[in-house]
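Once you scroll down, you'll see the structures, which are given as structure tokens.
Each of the next two complexes has subunit A plus one more chain, namely subunit B in the first and subunit C in the second.
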Partner chain A sequence: MSSTSQLALIARRSVSRTFRQPVLVVPVIAFPLILLAVNAAGLSSVTELPGFPTKSYINFAIVVCFVQGALFAAISAGTELASDIQTGFTDRLALTPAKRWVVLAGATAGGASIAVFGSVIYLVVGLIFGVEIDTGVVGALVLLALAIYTAIAFAGIGAWLAVATGSPQAVQGMFPLLFVLLFLSTMSLPLDFIQKEWFATIVEWNPLTYLIDGMRGLVIGGWDASTLLPAIAVATGIMVITFTGASRSLRKRVQRT
Partner chain B sequence: MARDNGIEVEGIVRLFGGGIRAVDGVDLSVAPGEIYGFLGPNGAGKSTMVLMLVTLLPPTEGRATVAGFDVAKQGPQVRTVIGAALQEAALDSFLTGNEHMDLQGGLHGLSRNERRTRGAELLERVGLSDAAGRKVGGYSGGMKRRLDLALALLHRPSVLFLDEPTTGLDPQSRSALWAEVERLSREDGVTVFLTTQYLEEADVLADRVGIIDHGKLVAEGTPTELKAGIGQVSLEATPVNPNDRERLAATLARFGEPAAASPKSVAVRLAAGAAQLADVVRALDADSIEVADLQLHQPSLDDVFLQQTGRSLEGEEVDKEPAS
Partner chain C sequence: MISSTLSVSLAVLRRVMIQTIKNPAIIIPSLAFPLVFLVAFAGGLSIVADVPGFSFKGGYTAFQFVFVFTQTAAFGGIFTGYRIAEDYESGFARRLLIAAPHSAGILLGFVLAGLARFFLTGLILWGIALVAGMNVLGSPLEILAMWLLAANVSIASTLWVAGLAFRFQSVDIGSFMQMPVFILLFLAPVYVPLALLTGWLKLAATYNPVTAILAANRGFISGEESKALLAFGLAVGLAALMALWAVRQFHRAHRSVA
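Now for the complex of A and B:
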């Protein structure tokens, strides 16, 4: 059996078990939308500031949902994989001819699939509530693709944490840290509008800023390679680093000969 | 079986951090089609041994082959010929029995049709046909163990590793699993390497038994041979008055060496055999010790363990038996 077929089987199992646990799916859908509603209501007046890039705060904030969804997905993917390690299910898979990377990638599919599902819902809800995407239908599809790509990259963070610690609790414990990272980005305001120098410096160095700005550029402002390409580069970088780290950690954890 | 599906182990060692020698120079040989019982208390090194033989843990020293393949150098080949049900059946509680079969069969390269037919056949054999469409989270411990066994057999392995397969099972489930393991060995010629902490399991099921303690093989042979090596019958007595236990022990000590007994009783291995029973009764009468129960025991594997290690396996087993 080819690695692709094995990957499909393990991914299908991961997706099935994930969607059979509403506790994993509901927060990913509900929480970013609730936060969007709260922010859109409370911060709408910032759009009146001179130079703010849009007159609709929901246009500005909608992409935060995609990044939040990807963060949730990362935690779900990591928790599920850590649980597999803890219960011995990873050993069960290791006793089959499946390659290590197949086990790793397949196990994160459930988390990534929640992000895909969530991204479609955020977009549909956003469009219903008046979000206008400057780059049109093609831009909306690219936005979805970038959100999914980001979710897969973030799933790598969850996977690495899972394999390194082998503990679902440890993975979940990292969630607040990732969430703080989101608040230290251009989530609520563009970089130019952040007055505090230390805050602006952190925002500038925060990889999430580039992901948010890349997605946001598609919604407000039109096609712009200077925001889109860094977003793709950051997601690719996160993906390569985290999956490489996870793969190496898995080699130590499952010492299959 | 087309090829020799035995197991050969030479001087195998597994070191863990802190210099712990979980398995310490074990040599053993399991003949094709044989059921080999690897008996020992918790922490003796049984599971470490299984993990090395199923290629999930490289040995630190020594060599082992399974069906002729080196476990350290030919992992992929070993995995194609073995089936394994490791300790605590690792199943996905959100998947059904059928979905487990489909996933594992697919990963072993079985076609969709084969997965369906072979899966249904095995689920029926282990008595899970009716539950095949239910999520495993709702299965009992016995059902999970049986599903684990069925999964281990899916790709028709010639060597089967079962790590404490009946721990926590009720007697009925235990007997059913024993019957299936025996059938696999006798009818299908599958070699079975089975670890257990249950004396009865090793005694009833295994053709040969290896007793492991602190990572070392302390005795090996057929259950009959091992027990014959002990030779002596033991006598166990329970005093009516628990306060008489020490006096009882002193009286019985005149007839032989102490043996494993339940906490309320005293046991000795009778130096001159069952013929001493009348003398024992007279001595108890003379010392005015009333007994509530008096039993003669043929030598057991626990006696073998006691003789080799100075400790009773049965005591540990009673202490550590999980609640069912």
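Now for the complex of A and C:
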């Protein structure tokens, strides 16, 4: 059996297992939209501050949904993989000729697929509620592609956590840590609206800032390579680092077994 | 019977606390989460205090601290719920239900564990906020009232999550445990006072019990008048409602074992 066929089989199992559990799917869809609604209403008054880049806060905030959805995907993917490790399924897979990357990519496909599903819904809901994308239809498609690419990269985080800890609870427990990174980014305000210098420094060092700004540029700034390319680079970097780390951890775990 | 129930509770409390302290993957998020929120809200959003009409005697750091403190109380409960769910997955919870002479003590033990986690993280949060120069204009009695009000939130949250854990008996519902608590917290005046909210959020915040709890605690910390009685009534009522839910799910889980 080719690696592609193995990947398809493992991925199909992961996707069907994930979508059979509403508790894994519903939060990914609902939570980012609820936070968007709450933030768009709660922080709408900041658009009155002189120099704010848009008069509609929902235009500013919509892209946070995509990154948040990708974070959820990371945890869903990690939880599922950790469950597989706990039940011994991954050990049994290790006895087959399947390569490590096939096991990892296949096992995280469920989480990534939720994020893909979620990204489409965020975009549609955003458009229904008046989001205007400055770069038009092509920009919307690029935004969607970037969101999906980010979700796949973040699934690598979940995979690494799962293989390193082997515990679904530990993976779930890391969600708040990943989630707070969102709040240490340009999620709520542009960088030049952050008054405290030390906080602006944290924001500048946070990779999520570049992902958010890259996506946001497509919505409220127009085509701008200086925001789009760093976003692609950050997503690629996360993907390479996390899947490499997960693969090495999996090798060690299988050797121990 | 009371002493037996209490001994079961204390055993559960001791076990949860030992596990929490021994496992960094469990303790770090519950400590880091509120700290980062405090940093993000008080530091990152300080410009919000310049929005026309914003006024709070204690300053924006104290304004946001109250929200983060309340959130800490709620999350003390959520992280305890993970513990219960994992106990079910490992089979320990079933053995505990069979072995405990008075099973009501199990639920009480988890509530105490949620409170202990909240007090631990709450103390650290207060320490950091004070070192960072937060203005506390309320009297010691008002600060005590603030703790008591938040403790009620912690109890309500633990009971909610315990009910879910007894019902689903799986850690897979982790997001589902957090989401309603998050929604309730964020449908309150988080960034600006209620008077500055508009539209549907103002309507939701007006009827959200968390709004009254936040308003009372913001009154306590700034030494200003607040509707404390209403806030305590709502917090105790919420905890009582969650107790009904948790006890019902607990009995259901107990019956399935028996």
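Observations, loosely collected:
Note that in this section the second predicted complex is superposed on the first by the 255 of 257 C-alpha atoms of A that agree within 3 Å, B and C clash if a C-alpha of one lies under 4 Å from a C-alpha of the other, contacts with A are read in each partner's own complex, and residues count from 1 in each chain.
We take it that a contact is a pair of C-beta atoms (placed from the backbone, for glycine too) under 8 Å apart; a residue touches a chain by one contact, two chains touch by 3 or more.
Note that the structure is predicted; figures quoted are calculated from it, not measured.
In the superposition on chain A, A:L49 makes contact with subunit C only, not with subunit B.
For subunit A, the partner that touches more of its residues is C, with subunit B and subunit C as the two candidates. In the superposition on chain A, contact is made by A:I34 with subunit C only, not with subunit B.
In the superposed model, A:Q6 lies in contact with subunit B only, and not with subunit C. Residue contacts after overlaying the shared chain place A:I194 against subunit C, while subunit B stays out of touching range. By the touch criterion defined above, A:T79 lies against subunit C but remains apart from subunit B after alignment on the C-alpha atoms of chain A.
By the touch criterion defined above, A:M174 reaches subunit C but does not reach subunit B.
In the superposed model, A:Q21 makes contact with both subunit B and subunit C.
Under the contact criterion defined above, the residues of subunit A that touch both subunit B in one complex and subunit C in the other are 21.
Of all the residues in subunit A, the ones that touch subunit B in their complex are 1, 5-6, 9-10, 12-13, 16-17, 20-21, 87-89, 91-98, 254-257. By the touch criterion given at the top, residues 54-58, 71-73, 75-76, 78-80, 82, 84, 86-88, 90-92, 94-95, 99, 102-104, 106-109, 135, 151 of subunit B touch subunit A in their complex.
Looking at the complex, you find that subunit A touches subunit C at residues 21, 23-24, 26-28, 30-31, 34-35, 37-38, 41-46, 48-49, 72, 75-76, 79, 83, 165, 167-170, 172-177, 179-180, 183-184, 188-189, 193-196, 198-199, 202-203. Of all residues in subunit C, only 23, 25-26, 28-30, 32-33, 36-37, 39-41, 43-48, 50-53, 75, 79, 82, 85-86, 89, 168, 171-176, 178-179, 182-183, 186-187, 189-192, 196-202 touch subunit A in the complex they form.
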